[in-house]
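Presented sequentially are two complexes of chain A, the first with chain B as partner and the second with chain C.
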Partner chain A sequence: MKPIITLICCLFIITISNSQERYLTKNGAVNFFSKAPMEDITADNNQVLSIIDATTGKMAISILMKSFLFEKALMQEHFNENYVESDKYPKATFKGSILNFDAINSTKSKAKVKGNLTIHGVTKEYLIEGNFTRTDDAILVDGEFTVNLDDFGIKIPAVVAKNIAKNIKVSFKFNHTPFKK
Partner chain B sequence: MKKFVLTIFFIATHIAMFSQDDLLDILDDEAPKSKTDGVVTSTFKGTRILNGHSVENRKDKELEFIISHRFGRLNTGFKDLFGLDESNVRFSLEYGLNDNLTIGIGRSSFEKTYDSFLKYSLFKQRRGEKSFPFAISLFGSIAAKTQEESFPIKERSFAENLSYVGQVLIARKVSKSFSYQLTPTYIHRNTVTNVADPNGIFALGFGSRVKLSNRVSLNGEYYHAFNESVSINAQNSLAFGVDIETGGHVFQLIFSNARTMIEKGFIAETTGDFFGGDIHFGFNISRTF
Partner chain C sequence: MNKKKIIVVLLILGMLGGVVGYKMYNKPHVNVNDTKADFSVNANAFLNEFSTDETKANTKYLEKIVSVKGIISSIKVENNKGIISLKTDDDFGSIQCHLSDEATKSINNLKEGQNITVKGICTGYLMDVILVKSEIIN
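Our next item is the complex of A and B:
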């Protein structure tokens, strides 16, 4: 009997300690910017979900494509309908690990995240550099990187080639706070 | 035995707690439910299927300028350059008061007619939890003819030149590339030229679009009138066309037996016989600001 109780207790302790080490945000910010000869297009999404497991340094991000807000409603409609096909592929996701996570502390420092980025149903491996700050009650992450639309099978027709850039600058800012289930 | 079952139970719960090991699954659970979840968008590309309105509205505070043209009949032959010598035009400004309510004003060269309309999106088509199979909009318009009668010369008051249209637009996006719409319509004309003609006309519209690519779609539209103006031998309106979309513009190329571009005209006063070659080529160009 005793060993069983011990085992159960141990398992519970592991569970509790594990669940306390996660940091989450539900209103992370992601912005993208397309610079083309004819026009600049920018869109913001302030409802991005991001989570970091501080025991393993693993990170995951989930972006609802329909939550990107554009300057013009028609642009937003075309973005969802013609380019990223949001009905078919509602989310963009990222899943990876923060390299040298243990070195991150309360002073802002650079770190790299390696993982798989999925947009438009296509997955590609990315190594993204960001600024990290970790305090007792928050993990802050921000940075930017470039996404090539061809890599993700998003085609830009010739008629709008001067309106939409092939390489899109993506910037992000997440303020994770402790997550208790 | 009891203890054993208990142990299994505890371990099972424990595993259940751990099964959320995938961070993305946690994010899925934590994702807030949005009001717009499951709302089907882009049933049609434009606010018109061809001649008639579609369930699509202009978005909040968006202004759209539409220039529509219908040339003369194709079967007038080379003498009139297949109808291109003759032309009817309508200009209109349409504005989204909010995402669900659009107001518009327009002026047609045909009979120098002014028109205004309101279109309200009552229900959205939804998938998922609160699923609803159709998008339903209400449409109401009023049109004033300002051209004087040439023969016989009659003085008409402003009220006598008015006509009204009420429509219920019921549409469904079946798949990414196929949508259809049913449009029960009632038209009331304050004045008809011939006593044999009805003031009120009931009609049912059928409209559809098939997407050929992300930017090009093939549209068809037919309005069946249940009672018609006998004095002009009115025909049902039939139209086929192509939508081409480029950024802020939607181009619609249209072949129709109607030469007017407002409801009371093309539904109630079309005289062309489509299969007899009385086809008007035309286009709608819209630019959103």
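Our next item is the complex of A and C:
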């Protein structure tokens, strides 16, 4: 299954790379925040790859799970080894289309992106709202949404149920620039 | 007398357990500067390993400290974090080194085209191979 997903991702990226107007960032930021009775946990990833094809409004995002950095080393270890199983599923991906992409201009406006989010080997359809700004030399996207751990088959042991929230708030910020070789 | 002894022993054990637990909970992150690199590679070969067989390269390099030698193709600072890319023969891919806060401070001493060795933790491959918490060796 995984090679197929990788292949599709590659093909997708290649297709986008071949078209004329593509915008990308290699340093997109994704943060997640878990609010639970015992503790709040947050992790940052500043190495997210996000590509927008400006002719079709398609969007593709790739995230390395091991790039999420936590405040405590132990949390990071548990996250990678026990919860998202990063060795088995090293990447999370999102592939989708920006609805009404043509309406996006240089004034910040809200738009929705519909697509498939894959985490922990499980794919689920999402409709995510974000703030979009498009100028000649950049497409800015930011926003937040909620991910339910059960949806993606991520199990939290009863012992730490009070430490980790079932619903995780994910916020993102991408500053896409025109892709030059 | 005997009861007292048992209580004292239990208390000591409890305290030890508490200390060990606390230490484990607060286990520090790996210090990249003080740790010897698990692998020393050159930028081109490093990217090649990932582009030919990503799964194999993942098993070998993920979460390992890798020291990479190469030529700087770009230097930038985003959100106060320094990022340098190392040139490869590949058209799209490079090695992206995200610098530690400490290393970001000395980013002004670096120039594009300069030969450099960077040591960091490898987190994987997207278009580029990514190193985080990188330190500049020379």
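We adopt the following convention: the second predicted complex is superposed on the first by the 160 of 181 C-alpha atoms of A that agree within 3 Å, B and C clash if a C-alpha of one lies under 4 Å from a C-alpha of the other, contacts with A are read in each partner's own complex, and residues count from 1 in each chain.
The working rule: contacts are C-beta pairs under 8 Å (C-beta built on N, C-alpha and C of every residue); 3 or more make two chains touch, one makes a residue touch a chain.
The structure displayed is predicted, hence computed values, not measured ones.
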Partner chain in contact with A:T42 - chain B first, chain C second, else both or neither: neither
Touching partner for A:A60 - first (chain B), second (chain C), both, neither: first
Chain B versus chain C as contact partner of A:S109, first or second or both or neither: neither
Partner chain in contact with A:V159 - chain B first, chain C second, else both or neither: first
Larger contact residue set on chain A - chain B or chain C: B
Partner chain(s) touched by A:E81 [first = chain B, second = chain C, both, neither]: first
Which of chain B and chain C A:K72 touches, first, second, both or neither: both
Which of chain B and chain C A:N131 touches, first, second, both or neither: neither
A:K95 touches, of chain B and chain C: first, second, both or neither? first
Overlap of the chain B and chain C footprints on chain A, listed as residue numbers: 26, 47, 49, 62, 64, 66-67, 72-74, 80, 87, 181
Interface residues, chain B side, partner chain A - complex: 3, 7, 10-11, 14, 17-18, 20, 22-24, 26-28, 30-32, 34, 36, 41-42, 59-60, 62, 176, 214-215, 245-248, 288
Chain A-facing residues of chain C, complex: 24-30, 54, 58-59, 62-63, 78-79, 81, 83, 91-92, 96, 98, 123-128, 130, 132-133
Touching residues (chain side chain A, partner chain C) in the complex: 6, 13, 17, 26-27, 29, 46-47, 49, 62, 64, 66-67, 69, 72-74, 76, 80, 86-87, 90-91, 181
Chain A - residues contacting chain B, complex: 1, 4, 7-8, 11-12, 15, 19, 22, 24, 26, 47, 49-51, 53, 58-62, 64, 66-67, 72-74, 77-78, 80-82, 87-88, 93, 95, 157, 159-160, 163, 179, 181
